[in-house]
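The first chain written gets the first letter, and so on, giving A, B, C and D; residue counts start at 1 in each chain.
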Amino acid sequence: MSPLTAPAPRAAHPPVQRTVEVVGRRAVDAYVELTLSAPEIAERAQPGQFVAFAVGGETSALLLRRSIAISTADDGLVTVVVSAAGPGSAWLTERQPGDTVDVVGPLGRPFPDPPPGARALLVGGGYGAAALVGLAARLRDAGHEVDAVAGAAGADRLCSVQELTGIAARVAVTTDDGSSGRRGLVTLAVDELLPDAGVVYACGPMPMLRAVADAATARSIPSYVAVEESMACGIGVCMTCVLPIVGEDGRTRFSRSCTEGPVFGGDRVRFDDVGSLPWDVVGADAMGVVAP
Amino acid sequence: MSPLTAPAPRAAHPPVQRTVEVVGRRAVDAYVELTLSAPEIAERAQPGQFVAFAVGGETSALLLRRSIAISTADDGLVTVVVSAAGPGSAWLTERQPGDTVDVVGPLGRPFPDPPPGARALLVGGGYGAAALVGLAARLRDAGHEVDAVAGAAGADRLCSVQELTGIAARVAVTTDDGSSGRRGLVTLAVDELLPDAGVVYACGPMPMLRAVADAATARSIPSYVAVEESMACGIGVCMTCVLPIVGEDGRTRFSRSCTEGPVFGGDRVRFDDVGSLPWDVVGADAMGVVAP
Amino acid sequence: MTALDTAVDMRTTLGSAPIPSPVLTASGCSAFGGELEPFVDLTAIGAVVTKSVQLRPRSGRATPRMAETPSGMLNSIGLQGPGIDGLLAEELPWLAERGVRAFVSIAGTRVEDFAELAERLRGVPGVLGLEVNISCPNVESRGEVFACDPVAASDVVSAVRAAADPAHPVYAKLSPDVTDIVSVARAVSEAGADGLSMINTLLGLVIDPDTMRPVLGGVTGGLSGPAIRPVALRCVWQVHQALPEVPILGMGGIRTGLDALQFVLAGASAVSVGTAVFNDPSAVARVHDELAVALGERGFASLAEAVGYAHR
Amino acid sequence: MTALDTAVDMRTTLGSAPIPSPVLTASGCSAFGGELEPFVDLTAIGAVVTKSVQLRPRSGRATPRMAETPSGMLNSIGLQGPGIDGLLAEELPWLAERGVRAFVSIAGTRVEDFAELAERLRGVPGVLGLEVNISCPNVESRGEVFACDPVAASDVVSAVRAAADPAHPVYAKLSPDVTDIVSVARAVSEAGADGLSMINTLLGLVIDPDTMRPVLGGVTGGLSGPAIRPVALRCVWQVHQALPEVPILGMGGIRTGLDALQFVLAGASAVSVGTAVFNDPSAVARVHDELAVALGERGFASLAEAVGYAHR
């Protein structure tokens, strides 16, 4: 077995907390793209990072921030693509230009640089594709060839295809119901593009990340996945967002996906064990879990 | 001592609960006047009644409705004048045309009719004057002479003076700081107009209501005051809004200001005892309070 | 309430008393029902749980009696009410005439008071059963609240069970302000309670930053509303886990059908909607409808199938 | 934190240890402080109350570990942490280097564990004192939570007091999930606690309407945030009323300076800001500033004057 991927590095800059103005709002099929005038966040942001919004306004019963991946961060503007999943994200999608929102960011670790000269394969599921737009541009600017796959349940849940098409050499689209691109899971396209790839970056739902990471690892191609785990704080203080991650010493720890992620080496995430407490996680013995 | 005023009658119609559209918003000095398209409430409303708004929207931590007096109710439109006192009323003042709000009303008992032919004196303190606009119009239409006094701390807290001027024979304005009208409390003007009055109606802060009611009672003029007591439900089910009120049988009870008020005979409210539990309130003995 | 055309059988029972809907009002949160008439078909809801009544008429406490809190409220009403004579003369006949089921909440400061109230309610038309409020933290009494002591709580319940109409199910209403709610639940069940109402309010306090004194006339008050829902659900879960055969009337912060569903899944065979009525006067009917839809969507043919389902 | 130019003297003490601000983090809500550095001047706040540490490193529980609730949240972390060795090797030196005061929260499942932790922390640079977490409902242990039994709680506290550095004030952290918090407070005070931290989370439960099972891996969890503030304030009020000489570190739903003021008026001489940090990472500094302004506006020359003022 080849050595595992190097863990994603810390971000170059610490986060800031700002009240910023929404300067653009665009409905994109099932999602809403918001553009924020947030120069201090934009200048610090690196692809793969996210921001955390306070939601519901002054009278809100929703205490916890909502984490949303940064799609692009240029010229003082930060864009995000939001899917209305529950009350907090629904509130975000209802923001209008001129409204202000309280946001903390950029948060989390960015995608690491690819190996020199490597062709990069970017795989986005649903709104996860949005998080790859900034990365695609950076990779292209750094001289890497970029391929991209965007997949979703249906056409209205695809995202950022146009932006990725403008940057990537090849773009493949898949939908579960065949309403756009090829019918099937992203792995259909990934399997075809993977042989050319020197590195894989993925963002989307856990089952997709797992399939993509497994496929890459099977071919000994380094992969990085941006995970989405339920977060209470986004800044590393609450310990709610942990995943079983294999560390540099080969031992598994419950690592915070907000500060040690959201970008992890695809071969370091123990997807099988998410939601359970395996005996070999550091400190499981103190919880009364014994080795089998 | 003359017999006490007849208690205010029940409203003619039961309340309804509706989601209605804000069709007008106007900042009036320190207040905001909202116009609601609420035909079913407008057609039921009688002067003196109020509505209760759910506040804060879908994600709100504010559970209790906010009671606001109806200013006018004509042609399917209900107007209210709101002062931003705390988070709930502030949220109301921020509503814009096109927004919808959930409102219950009309609630409470209306102002009773004046004695036949009586000249009516209407006294409003702060935004309380708004609640008298509909009454003034009704009285005038019924052939009564109407005088009005509007008082407030300062000019920017006066309300509905223009509307009242269009209806009343005489309108007096007082402000505590002299920034508009005469410097002083409303009683300054009330004392002058009272000799001509056959009935007094008042709405405003408790100390003002008390002074006006006392002055009227001292001259054996019937008075009706619309009180403002902290309310949790507005519909009579919670028992939070009680005041010590002298009933028809001469005994004092803790009466709900939402359903047995907000309009009470000025001589029936035991202003002195608000916030305490006098021994002669019905049922005080069961609370362990003994007659002195 | 417009009965939705869902296939789900929503019938349930309070002890032995059948009711067509599992959604009831909560004691003290809908007075004696009348005020809800413009908003709800009172005959269609499970029952009106009446404001706790005592032997004598009570003025209740001085104002202020409430303070809004984040996603909840604090109240200190002090059980204002007409006393049992008033209830029998006015409120219960009003409900009975209309065919509205009344689940009568009784309260007192001595065991004999409770027994006498139960006795007075024997055979009264329209009375479905009794909820014994042993847990109200607002009653002015020397000494501890009954519900905080398994022995005192049992004394009340057995006296009520002995005095009450045999046809009236007796539910004991428990307080969450105890170290071990299961032990209280077990004690009152053994003392003859036909079911448990859970939970009453949590004891709380708010200080007014302007006066710099407690807001409420009664200093402390009872905390209710969605804020306390997780505590209420935990109590229902623990008691159903320990005593799966004891019927539970669940309450505490229920605002929607999905909230009610959580209580049912945790073990409640009926629910009361309290503070949410202040926000939405039609809440009781709406929660019934939403719960029916939610059960249907999840493939339940009847409410009964879902009771305690989360423990599987 | 920019120290506001208010005339109010904000200094206070934790037992005998002076601190420049009465506003601290809450255990488990700011990890070991480092992550707040971009948002708060850690040297200016009262202290960083560290995540409860045990003897051995702990993985904590499986996810999901949290559920948002109305104006609050439920958590079931299971005291994930590096163990005392890790704390001594990494976290405490990091804080000490920067001159940040650490109020170290210790936890265990046996009395001896607590004593050993206190012993290991003697004389450690930067350690201001100890908070004894006898009330965490999340610790996987057979039997009852220490804080629910005055005797067990006292055993822990007297063992810690005996083993701890005499210069370290020892605060016992109480649980609200008891019938009589004053009796627990009295017991641990008599056992040598220099102060009381109040309150820990309330035991709660949330059921996922989709899976129809409890959301949390640990089934029940701890309820925190503004939702519980009235309960926390009531506990502080009751204990200060009964034991006015015992210092209280108040917490539970504090989000603003006016919230903190309520705790101070009820009897707390310092406060911790917990869950609110998840909403606003600069909350600890902001609450300090807002509290200073609020005290000044009310004519207090010092924080000390306001402590317990609502009982006058």
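As a convention for this text, a residue touches a chain if its C-beta (ideal position, glycine included) is under 8 Å from a C-beta of that chain, and two chains touch if they have at least 3 such contacts.
What you are looking at is a predicted structure, and each value in this text was computed from that prediction instead of being measured.
Asker: Comparing the two chain pairs, does A-C have more C-beta contacts than B-C, or is it the other way round?
Answerer: The comparison resolves to B-C.
Asker: List the centre-to-centre spacing of chain C and chain D in whole Å, with centres computed as mean CA coordinates.
Answerer: 34
Asker: Roughly how far is chain B from chain D, centre to centre by C-alpha average, rounded to an integer in Å?
Answerer: 47
Asker: If I count partner chains per residue in chain C, which residues reach a count of at least 2?
Answerer: Expected reply: 70-72, 225-226.
Asker: Which chain B residues reach two or more other chains?
Answerer: Each of 61-62 in chain B touches at least two other chains.
Asker: Taking touching chains as linked, do they make an open path (line), a single closed cycle (ring), a hub with spokes (star), an all-linked set (complete), or other?
Answerer: Its topology is that of a complete graph.
Asker: Could you please specify the touching residues of chain C with respect to chain A in the complex?
Answerer: 70-71, 226
Asker: Taking the touch rule as given, give the residues of chain D at its contact with chain C in the complex, in rising order.
Answerer: 67, 69-72, 74, 148, 177-180, 202-207, 209, 212-214, 219-221, 223, 225-231, 233-234, 237, 253, 258, 261-262, 265-266, 294, 298, 309-310
Asker: Okay, in this complex, where on chain D does chain A touch?
Answerer: The contact residues of chain D facing chain A are 28-31, 35-39, 51, 54, 56-66, 68, 70-73, 75, 77-78, 80-81, 83, 140, 217, 225-226, 275-282.
Asker: Where on chain B is chain D touching in the complex?
Answerer: Going by the criterion above, the answer is residues 61.
Asker: Taking the touch rule as given, give the residues of chain B at its contact with chain A in the complex, in rising order.
Answerer: Of all residues in chain B, those touching chain A are 55-62, 87-88, 90-91.
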